[in-house]
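Shared chain: subunit A. Partners: subunit B in the first complex, subunit C in the second.
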Partner chain A sequence: MDLSTKELPNFDRLDGTDGTILGRYNKVNSVNPHKCRFVATYPGGAEIKGIDLFTTGWAQIPNGLSKLRYELSTGHIIEIPKFKAYLPMIEVSFGMDGSKVFHYINVNCLADKEVIVYKIVLRQDQLLPQKIGDVIMSRKLVSTERNSSWKYTS
Partner chain B sequence: MAVVITSKFYQEDEWKDISKIVFTSPNMDSPAIAGTRSHILPGEGNLGVWYEDTSEMFRIESYQRTTDSDFYNYRMTAKEATDLQAESGYIDVKNVNYSGFDTYIKENTGVEIIGYSDSTGFIVDRKTKLEYTPHQKNLDEIHSQVDTKVTEVTLIENSSCTAGAVPSVGVSYEKSLARNYGWYTKVISEFSQCHITFEFEDTTKITAVEMSSMEFEFTKRTWNFVPTDSCYDIGVPDEETVTNKVYFIGNYTIQGSIDNVSWITIYTGANTTNLSKFIYLSNTQYYKYYRLNITNNSSLNSGTFGTDFYGVRKLRFYNYEFSTDAGTDSIALYEFNNLDAPKIVRISNAYPQEATTPTVTNTSTDNNVTGQMVLRHTTVSGTPVSSSYTVDLHSNIDPYNYLTTAVCVSSTVSGLGEDAAGQTYTKQDKINVVVDAALEFRDVGLDSEYVLFTSQGFGVVQVDTADWVGENTITYTTVVSGTVTSGTQTYPLTGYTTRYVESSLYARRENFRLVIDEYITNSGIVAENEPLYVWGYNDRFLDLDVKNAVVFEVTTGEAYNCRLTAWDDVTHSTTINELIQGDHVRCSAMAYCCNDSKLNPTESKSPLNLVYPPVHNRIFKGNVEIGGNRYYYGDFDLVYRYQSDVYGDYLIFKPMLYNITTDISYGIHDYIITLHYAYT
Partner chain C sequence: MAEPELIFAFSHDSAGDTPWGFNGGNEEDPNKNGFMEITPTTDLVVFTGGGILGSLPTPTTISGHRDATIRPAVTSYTIPQTYVEKDQMYICQHTGYNNNRYAMAVYIKGHMTSDLYLEAWDDNTFSTTNLEILTGTPNSGGDSLINAIRTTYSEPPWHPGWDGTDDGAAFLRGVEHRVGLNNTSTITDSIVYYNIYIRLQTDCSTFHVTPVLGFRYLYT
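This part shows the complex of A and B:
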C-alpha cells in the first residue's frame, strides 16, 4: 500500500471546500487536501503555485522567493512573513485501514538565531479548540542537520 | 522532497499489501472460519494473528509471542561512566533485560565454543504432571549427587530364646530408598505420556542433558543362633547387599518450547534400559521451557525391564561454554542519548561478572526435634560383653529438614564412646549439604536407662543458584535423649537442634563486561546509567522479524517526526476504546536501515542500522505521554537511502492484543494503528 495515495476512504463527505470524517465519538471537519496549496511569490511578482497537500511541489520550486502564503480549500489565506528561508512540513497520519487525516502545515521559518514555526491548522473537531485556518506560532533552535528542502528568500 | 512510503507484509514468497490486521482465537486455523474480522472469545487467552491483503488472510502466528525477550530489544545501562576516547577496551553494563545476553553476543561474534557448562542452576520453576510424584520440594535438589537414605529395619521373624527349642531363622532388611530423590511413577498404560517441565530464567540453548534413573538396595541380614546352656542367643548375622528394584529411564523425549504450549522434540530415547544417560543434543534453538517427556512406558513392566516404576533421580542441563577470547566478528552497541550524534562501539565478547563484595548474613535457629529412635541393643556372652546398636533418628514433622541419621556400633558394653564414622545428613532450603559429624553416644552403663544423643556438625557449602554464588558456613548441634531398655525398641525422643548459618553470597551476573572491538564514535563519555542498545538480527522465531511484521519502507524522499500509535477510529483523534483504555493494544516496533535485501536484513556499516531504539510490547494510546512513559513509538525520521549497499529506511512493527480475558465485553472491537509523519 502506498501511503501517498490520494484516496481518502475515511472521509464521509468531501467537496470543493472541505470534508467530514465521522468517528464513534468525534466529528472532524477537514480541509480538502486536494484544494490546498502554497503560493510562492518571487521578485517582480511572479508566482509559483503548489499542487496540493499530497504532492506539494515544494521540492521543485527555486530559491529566491520573496513571499510565501498558503491557500486552503476553505478560503483561508495564511500569509507567512518574510524570513531567510522556509521549510514547510505537511503533518499527516496514515491508518492501516487506508484512512488519512491531515493535521497541520508546519512552516519552519529561518530567522537569525532560531526557527519560527507557523503551524497552520487543517482540521477541527469537538475536542480541540483549534479551528481550520488558525495559526499556532512557536519557535525552536536551529537544527544542525542540513535539509535540502529549505528554500531561501532573495 | 515529498515522501513515498509503502506498507507490506511477506507471505507465501511474496510481498503483499496490508489491508487489515485480524486477531482470532487460536483454534481458528483457516481463512474460511476466521472470517474478515477478529473472532475473539473472552478468556481464550493467547490469540492468533492474521494479516489480510485485498483478497486473502494469512495466519502469522497461531499464538502471539508473549515473551518479553527479543533480539531487537537488548537494552542495558552503563554501570559507570566510560570515556570512549580513553579506549579502555571494555565497557561494563548492568540491568541487561535479557539474561542470555552474553550467549547471544558470543554466538554472533564467533566466539569459540570450548565445552559445556551446567545451567541447571538457572531453572526457576518446574512442573510435574499429576501422575508423577516429586519428592523434592527444593529446586536445587534436582541435581543433587547424594541420595537421601531412609533406613528401615524390619525383623520379619523375631526370635526369642526358648529353652530346648531351636528358633527359626530370622531375616531382616535394611532398605535404602534412593527414590526419595527424583520423580517416579507407576507404569501407567492408560496415559500415553507424562512429563516434567522445567522453566528457565530466560531462553536457553540446552545442548546436553544428563540424567540417572533410580534404584534402591536392600541389606539382607540372616541371623544365626548360638546355642547356650539353656537356650539360643542371636549371633552375628550374615549380611548380603542386593539390588532389588531398578527404575529405568525407558522411553522418553527431550522437548523444548518457547511458550509452554507448543513443543519441539529435540531428542528421542527409545526403549532404553540405561540407568544413566548423558545426551548431546543437536539443538540450535533457544527455549525458555524444556521438558523430559515420558512416552508410553507400559512395556516397562515386563521382560528386560522388570519394573513397575519409571523413575528419574538426577537431571542436569548443560549449554555451551564459550572461550573468553574475542570473537572474529562484532556487534554494534548504541547509546541514543543524543539522536543526532549517538555513541557507537562494536563489541566482540561479553562476560557475566559477579559482585565483588559479598552479602554476609548470619542466622541462628533453634528447632525442637520430636522424633523417634530405633535402638537394637543385643547382648552376647563374654567379658566384656559386646553390644551392637543401630540408631535411626529423625523428626516426625519433616524428615528432610534437620534430618539426623546415625549408625553406631560399639564394642564396649559399659559405654558407647564416640563414633567418628557416624554421619549426619541435614538440609537447608535451596542448598544441599552433607556434613560429616562427630557422633557422641553416651550411655552411663547397663544399669542406666538413659541415653543422650549429641550430634555436632560443621560444613561449608558452596552455593550456586540462579541469583547467587558463594558459600554458607553451617554449624549445628542436635541433642536428643531417651530411655534405654535392652532389646530392640523404638523410643520417642525429644530435643532440639541449633543451627548457625553464615552466608557469604555474591550476586551472580551483577553486570556484564563487554569487550570493545572497535570505537566507531569514540568521542565523549557514556554516562553512568545511560541506556545502551544492541543491534542484531537472527532468524529465530522470537518476536519481531521481517517475516512476521508489517513493514513500512521509504522508497522516495524523507518522512520526519514519524510516530506509530493507535487510535479509536478513522478520525485519528480519540482513544475512547475499551481495548486502548485497558492497555490491551500493544506493539513491538523498530526503525532501521540495513545491508542486503529487505527480506534478509543484515547490519549495514555506514550508516549503522538502528534508526530508532526498538520497543517491545509498547502500550499504544494516541499521543499520551505520562511521567516520561510514551504510549507511542517515536519520534524519528525515515529517509530513503540512496547508497548502493544500504536499504531502507524501514519501520517494522507487529501488533499485539494482550490480556484478553472475560473482563472484555462481548462484541466487535477494533482500533486503528496509524503512522503519523510529516513531509515537504
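This part shows the complex of A and C:
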C-alpha cells in the first residue's frame, strides 16, 4: 500500500482551513496538511514554496536561503529567525487502520554550538494546552551524524 | 524529500521462524517467504481464542470468526491466537508469548529521520489512552495489557517468556510506553520486526475493544 497517497480516512471533516477527528474521549482539530508548506526566501527576494506536508519539496531547494517561514492552512505564519542552517522534520502517526495525524513540524536550526528546535504545533485537542500554530522551543546538542538534508543560509 | 512508504506484513509460514526477505522493489510482491502483506485500510489484526471453542481453526478460518476468550480466575492468561482478517482470517504463526523473532514486520521504503515507534492508543486521534487494555488493572501493576518487543536484531529474551519489562519491549500505552523498532536515529530502506501479545489479568472486566496500533516517525 502506498501511504503517500495523501488520504486521511480518519478525518470526519476537512476543508481548506482545517479538519476534525472525533475520538471516543477527545476531539482533535488539525491543520489541513495538503495546504501547509514552507517558504524559503533567497537574497534578492526570490521565493521557493514547498508543496505540502506529504511531499515537502525540501530536498529540491538549494542552499543559500536568507529566510525561512512556514505557512499553515489556518493562516498562521511562523517566521524562523536566521540561523546557519535548517533541517525540518515532520512528526506523523500512522495507524494500522489507515489513519494519519500530523503532530508537529520540528524545525532544527543550526547555531554556533547547538541546535535550536522550533516545534510548530499542527493539531490541538481538548486535553493538551498546545494550540495550532504554537511554537515550542527547545535546544539540543549538535549531532555528529551527517545529514545531507540540512540547507545552509547565505 | 517526501514521506516514506511503510509496507506491513506478518508471518503466515508454519514451517519456521524465518526472515521476510522483502527488498522493497517496485515490482516485488510483499507476499513471499511465508509472509503476507497487511493492508491497513481494509485488514484487521485480531487477538482471540482460548474460550468456549478452545482455539479457532488454523491456518485460516472464515472472516468474522471470533472466540470469546477467558477472563482468568486464578492467574493471568495470554490470548493465544492472533489473526489478520482479510477475505478470510489468516493465523499469525509466530506472534505471542514465545521467543519467535520474525512475527510481524514493517518495511520502510525511503528515509526516516527518527526511529519507527510502535504505539497503542484508544483510537485514531492518537491522543488518549483510557481503555482498560491500555490503563491496565491493579493486578497488572497499572501496566498496559499489550506487550510488544523489538526483534529486529535478535529474538526476544527467554526467561521463560518476555514481557513489557524486557530490553526493547514495552507495555504499549501512548508515547510514554512505546517500542522503537530499529533502535536507531534514522532508518533507510530497511525491514524492522516485532512480536506482540495481550495478557489478561484476573481483575479485568470482560471487554471487547478496538485500540489502534500506531507507528510514529519523522521525515524531512
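Miscellaneous remarks
As a working rule, the second predicted complex is superposed on the first by the 154 of 154 C-alpha atoms of A that agree within 3 Å, B and C clash if a C-alpha of one lies under 4 Å from a C-alpha of the other, contacts with A are read in each partner's own complex, and residues count from 1 in each chain.
Just so it is clear, a contact is a pair of C-beta atoms (placed from the backbone, for glycine too) under 8 Å apart; a residue touches a chain by one contact, two chains touch by 3 or more.
Note that the structure is predicted; figures quoted are calculated from it, not measured.
Considered on the superposed subunit A, subunit B and subunit C are sterically incompatible, since they clash.
Legend: residue contacts after superposition of the two complexes on their common chain; A:Ala40 is shown touching neither subunit B nor subunit C. Judged by the touch definition given at the top, the superposed model places A:Met96 against both subunit B and subunit C. Once the two complexes are laid over each other on the shared chain, residue contacts for A:Val117 go to neither subunit B nor subunit C. In the superposition on chain A, contact of A:Ile80 is made with neither subunit B nor subunit C. In the superposition on chain A, contact of A:Val31 is made with neither subunit B nor subunit C.
The interface of subunit A with subunit B overlaps its interface with subunit C at residues 1-4, 10, 21-28, 55-56, 58-59, 87-99, 101, 103, 106, 125, 127-128, 145, 149. In the complex of the two chains, the subunit B residues touching subunit A come out as 1-8, 17-21, 340, 550, 552, 558, 560-561, 567-574, 576, 672-680. On the side of subunit A, the complex with subunit C involves touching residues 1-4, 7, 9-10, 21-28, 54-56, 58-59, 87-99, 101, 103, 106, 125, 127-128, 143, 145, 147, 149. Within the complex formed with subunit B, the residues of subunit A that make contact are 1-4, 10, 21-28, 55-56, 58-59, 87-99, 101, 103, 106, 125, 127-128, 144-145, 148-149.
By the touch criterion stated above, subunit C contacts subunit A in their complex at residues 1-3, 5-8, 37-42, 45, 113-114, 119, 121-128, 130-131, 185-186, 212-220.
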